[in-house]
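Pasting a structure here, questions to come.
In order of appearance the chains are A, B, C, D and E, and numbering begins at 1 in each one.
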Amino acid sequence: MTFPHKVRKILDCYESDTPGTKANLCRILMQGHLAGTGKVVILPVDQGFEHGPARSFAPNPAAYDPRYHFQLAIDAGLSAYAAPLGMLEAGAAHFAGQIPTILKLNSSNSLATEQDQAVTGSVADALRLGCSAVGFTIYPGSEYAFKQMDELRSLAEDAKAAGLAVVVWSYPRGPMLDKAGETALDICAYAAHMAALLGAHIIKVKPPTAHLSLPAAVKVYEEQNIPRATMAERVRHVVQCCFDGRRIVVFSGGENKNDTAALLEDIQGIADGGANGAIIGRNTFQRPRAEAMDLLARIVDIYRKAE
Amino acid sequence: MTFPHKVRKILDCYESDTPGTKANLCRILMQGHLAGTGKVVILPVDQGFEHGPARSFAPNPAAYDPRYHFQLAIDAGLSAYAAPLGMLEAGAAHFAGQIPTILKLNSSNSLATEQDQAVTGSVADALRLGCSAVGFTIYPGSEYAFKQMDELRSLAEDAKAAGLAVVVWSYPRGPMLDKAGETALDICAYAAHMAALLGAHIIKVKPPTAHLSLPAAVKVYEEQNIPRATMAERVRHVVQCCFDGRRIVVFSGGENKNDTAALLEDIQGIADGGANGAIIGRNTFQRPRAEAMDLLARIVDIYRKAE
Amino acid sequence: MTFPHKVRKILDCYESDTPGTKANLCRILMQGHLAGTGKVVILPVDQGFEHGPARSFAPNPAAYDPRYHFQLAIDAGLSAYAAPLGMLEAGAAHFAGQIPTILKLNSSNSLATEQDQAVTGSVADALRLGCSAVGFTIYPGSEYAFKQMDELRSLAEDAKAAGLAVVVWSYPRGPMLDKAGETALDICAYAAHMAALLGAHIIKVKPPTAHLSLPAAVKVYEEQNIPRATMAERVRHVVQCCFDGRRIVVFSGGENKNDTAALLEDIQGIADGGANGAIIGRNTFQRPRAEAMDLLARIVDIYRKAE
Amino acid sequence: MTFPHKVRKILDCYESDTPGTKANLCRILMQGHLAGTGKVVILPVDQGFEHGPARSFAPNPAAYDPRYHFQLAIDAGLSAYAAPLGMLEAGAAHFAGQIPTILKLNSSNSLATEQDQAVTGSVADALRLGCSAVGFTIYPGSEYAFKQMDELRSLAEDAKAAGLAVVVWSYPRGPMLDKAGETALDICAYAAHMAALLGAHIIKVKPPTAHLSLPAAVKVYEEQNIPRATMAERVRHVVQCCFDGRRIVVFSGGENKNDTAALLEDIQGIADGGANGAIIGRNTFQRPRAEAMDLLARIVDIYRKAE
Amino acid sequence: MTFPHKVRKILDCYESDTPGTKANLCRILMQGHLAGTGKVVILPVDQGFEHGPARSFAPNPAAYDPRYHFQLAIDAGLSAYAAPLGMLEAGAAHFAGQIPTILKLNSSNSLATEQDQAVTGSVADALRLGCSAVGFTIYPGSEYAFKQMDELRSLAEDAKAAGLAVVVWSYPRGPMLDKAGETALDICAYAAHMAALLGAHIIKVKPPTAHLSLPAAVKVYEEQNIPRATMAERVRHVVQCCFDGRRIVVFSGGENKNDTAALLEDIQGIADGGANGAIIGRNTFQRPRAEAMDLLARIVDIYRKAE
């Protein structure tokens, strides 16, 4: 039973981390159908916090039950399951040891008055719930970006000391950015790079468009002819911006949630660009379970072939 | 094996510091091609945070990999390498002990809505990563200057107790200053002096122009005939403002990044003015490695002759 | 060897303080040429922070070196030397034990956008540097006055527990006050009283003018015929406002820095009014050392005769 | 006003200490009749704890009042006064600032069942009482020696961080030593050396006899012809064992408390051997005050001439 | 400028340690004449504590001064200098950065009544003194072995978090062992193995004899024909017992202090057995400096050739 070369190569990039953090990264990389491929598909369920329960779960009422998501992630052979405190507490004991979990430490909500998130969990929570990682969202560009980075700094320091991995959701928004800017290639790459600089082990960003936003950046992308016509080209650039591929980068499913073919095409492009995988929530759990299982099988398949 | 007189003289200026801090200053002063001369050239790589990855690294894609910068600093015989948390984590184990490192504890970014920086590292991080110093940026003149000084005070107190050195980047900006004011001689000297008053061991400022900004200062500079026609004269004044040369003062490379001759002329002037050295990033790592090595060799040479 | 009655009388006023704080007050009262007289002359050097280095030191370049001020205070037989962190660190080891030092814990600067100060030192810093007291500035009248008083409360609490004395610079300014108001007698007396109420051991204010500022106060001053024609009368009132002379009150040198005769006349008036002494910086270190020594000798002489 | 060369030379030996600790050592070295000579005479009054009040104070009942000892030390021009918590609390406020005090942090008593001491004070106590140093006794050779060294380590670490000096009484006793062994030259030198290794700033031992105790040491003393015939020779050896004279070493008055001539002869020998001074308690406060003053004057005189 | 392969190979064995600890191990491995060879010679000076000052230093009185040993280690091109708190404090500021230092955290003495050691330093002391490592002695076989291991566990945990290396002196003694047993091959190998199991980065043991002590071990050594006739064979076995050579193992100079030829022969054997080097104190500093320099040069030479 040789340890997969691809996992070894990834773990070697985390050279300053403790064996505990490496072990938790390894657990995620060795779980489910993608075990050993260096690719991951992670199920995140924090939409209830962000958009409210009915918007999130009414299309597939079984999903109101937190155990639904644990079981879905396990049955679909995914790599990890990420959720806020209460969601994990509602299933962590029963599913203990069956799938790596990621405790999302902060969350926003649709009633919020500010572009910020509330810290709703701790590293101690993550340890008692048996999580492999903590997750944290930053909004680069927001008036709260510095505050969020400060919070992340402190939580990540504790998490690393406790041997946990750190997953950073880096979602640009704020007064500097229009809607197109939030997913512009330069902004997405920048957001991913900032997460890497902040010490993230796993970086989650949205699939970038070919749009460019910051004037100073536009100039460079054009002068340097950085390819951005295809999703694969754009993702390749984002991966490069994560320490030249030395950090795990995963992408959300994008906006095509009603068009499965387009969604899969996007994911194929992301995979072709060298991404480490997908974090995909709404697109799956809002469908009936059979459909979700089918969709997840196809996504897993794309990444299995991409290795 | 006599200990260099010039290093002894510098260390003696830090009379209130612990042997630990002195040892870390000594490590920087005894590293690379300038070892023992009392001069230093430091490679800082925080431009990815400030300007984004593509603007920083696309001109020389090898620089996307954090290990590139460690190796460049080592191979060019530099004195230390400074970077944010993630950059150091990505190479600190492999390059452990090969070059003194400086953990930049705060960072700004081009999406920021405020003239502030996020705190993105800690003294404990610096210790576990084997750093010789921590770095911190203040923006005198910004609405966040007092907050930043408070943060620096607390971090510097911890760093000194743990035997680390403290490097302060002092970059004036804010509502009191127009663009010319930010590098005006009086402002630059003032910024350097404030860093010294805040207890910095190493002070980094930008090369000053002959411009004067604060009306109350203009009067004094003219009455006292403080020479400021040449870069050397201006730097001599900044050095004087750092406790009459009793603190290490280093300068960035300035704005001439596309004109190597002008850049070297600036650096020659800075060296002639008695500066302790250069902190020079973009001007080097954005060139192909061979060119960067050549440029750094010339800068090192200027300081070696200046000793 | 009888302990001077005047010092005993002063120390007895600090009846709730620890022996440590009394010992440190005593050290200041028993130092230099005024030892035992109950009078003090203190050298403060924080002008570099407030006005920038060139405006502070260019008229007498030897003063760029922090050690200059330690030596000046010692040689002139002064009672204590007050300065921010970096200034003290640059000489505290060499001059250890030769003159009581006061660590100024907050400082403003001419680039500041707010009428506030940055906290730039701690009680732990004061202890490791061997200081006898900490110093803190409040701006009664500023939008930041309450924040500053909160900061002072916390720092003073720590300082007192560690046996240090607390010196408060009370400088009224802010939207309620015009320029004349800042040194109006009622305002100056009020500022001194607030410092006393905040628990200061030594209170520093500016010499008051005969002007009155607060309408409600004008009425009382006139009804009660509070004398304010001469400096001595005004200072006597301020002293009275500091717990009827039961707190040490010292005055800055005022604005007459270019007219030595006027300066000395002011100081004579202040001394005649029963002040405990002077905190005088710029007026001394901006002159050539011989002149400064001469001026300080004359000020010390005024206070020696005033006892 | 030149700072005495002898004090400078001594302070320079404490190169790793903070300015605070240096300042407190300086205070002791600049106090009383021996100010500036590099010599000290310290009054310790912990005999009440060790032998009970009547045995200590009945011969001179005025000494029951703790203030008696403060006043004696001040009036005799001594360098410092050392006592346990209660003794200092009973006078520290009244005598604040008049003489450096040393808070004895542990004490034994005649009812004790073990060769140990109780810790009866803290570094925080020393700060609130305005002490310049803390004192601690170790019994090398006792079954409690390791425990005492552990306690000293922790207290000394705190004291040094707070800028206090550390005085160690090193009194060998225990099952390995007979009565003669306790003051044997080899044992006394060893005890002094251990105090130095434990980080003491001031070391107090008993005057050594010419006796040698440890068989393995006897051999070396004889082979190396270490002179030990006279008190001066023996003290010179002890001084050498304190880092070749780089730590302040003081001696108790010895056993001749009823024979003043013999006592003074011992002290002359100790002074001739290069000791930094005397810690002398019982021999003075058990005499009528006039006699004590006379004796102390003669001891001070011996050290003044010895400089 | 290629990093030496032998140092890389050693550092790679410490895979679970932080970059800080690796950097400090690297500093030791890259210092002095053996820099880059994977071999080290360390000067330990704790004999003053163990045997008393005269037995340690009288043969070469210059060695009473702590600075002598720093200078000897530097001038002889050694890899590090190890000593208790007071010894390091007496030179750490002057020699800051010139040679890696190891703070010995516990020490025994010849007056001790128990086979234990006192803890006389802390990790915070090591940081403020700029040390690269802490040192700790355990006595496997003593009644205090478990207590010592507990102390080591706690101190090593702190040291590792602060990026320091941990050196363990493992000296078997106690009721289970006769004199011959203390250096018996099985016991020495066992002691080295326990140090490795306790998490030591560098292990120091005494050169083993061919004697075997534990009856249960004798049987295995004989059945397995473990070679032990020569010093090289015995050392090879000890190295194997330190995780098959994956921990740095160094040996004391042995008992032949009066016979240089025998000493060098032992060291040659130790080097031939694959040891990483020597920790050698008394054998060097008890000779006149010129002789010590000569002896150290020869020892360094043995290890340079052994690489």
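For this structure, a couple of remarks:
Here is the rule we use: contacts are C-beta pairs under 8 Å (C-beta built on N, C-alpha and C of every residue); 3 or more make two chains touch, one makes a residue touch a chain.
Please read these numbers as outputs of a predicted model, since none were measured by experiment.
Considering every other chain in turn, the ones in contact with both chain B and chain C prove to be D. Once CA atoms are averaged chain by chain and compared with the all-protein CA average, the nearest chain turns out to be B.
Between D-E and C-D, more contacting C-beta pairs join the chains of D-E. Equivalent interface to B-C within the set B-D, A-B or A-E: A-B (over half of contact pairs identical by residue number). In whole angstrom, the spacing between the mean C-alpha positions of chain D and chain E is 36.
Put simply, the C-alpha centre of chain C and that of chain D have 39 angstrom between them. Annotation: 57 Å between the Cα-based centres of chain C and chain E. Residue numbers of chain D whose C-beta contacts span two or more other chains: 15-16, 18-19, 161. Viewed as a network of touching protein chains, the structure does not reduce to a path, ring, star or complete graph. In summary, the structure contains touching chain pairs A-B, A-E, B-C, B-D, B-E, C-D, D-E. If you check the complex, the residues on chain B that touch chain C are 13-17, 140-143, 145-146, 149-150, 153-154, 157, 172, 174-177, 186-187, 189-190, 193-194, 196-200, 214, 216-217, 220-221, 224, 226, 237, 240-241, 243-244, 246-247. Those residues of chain E that touch chain D in the shared complex are 48-49, 51-55, 57-59, 61, 64-66, 84-94, 107, 109-114, 116-122, 124-125, 128-129.
Every residue of chain C that touches chain D in the complex is listed here, in rising order: 1, 3, 11, 18-27, 29-30, 74-75, 77, 92-93, 96-98, 124, 127-131, 161-163.
Interface residues of chain E, counted against chain A in their complex, comprise 15-16, 18-19, 161.
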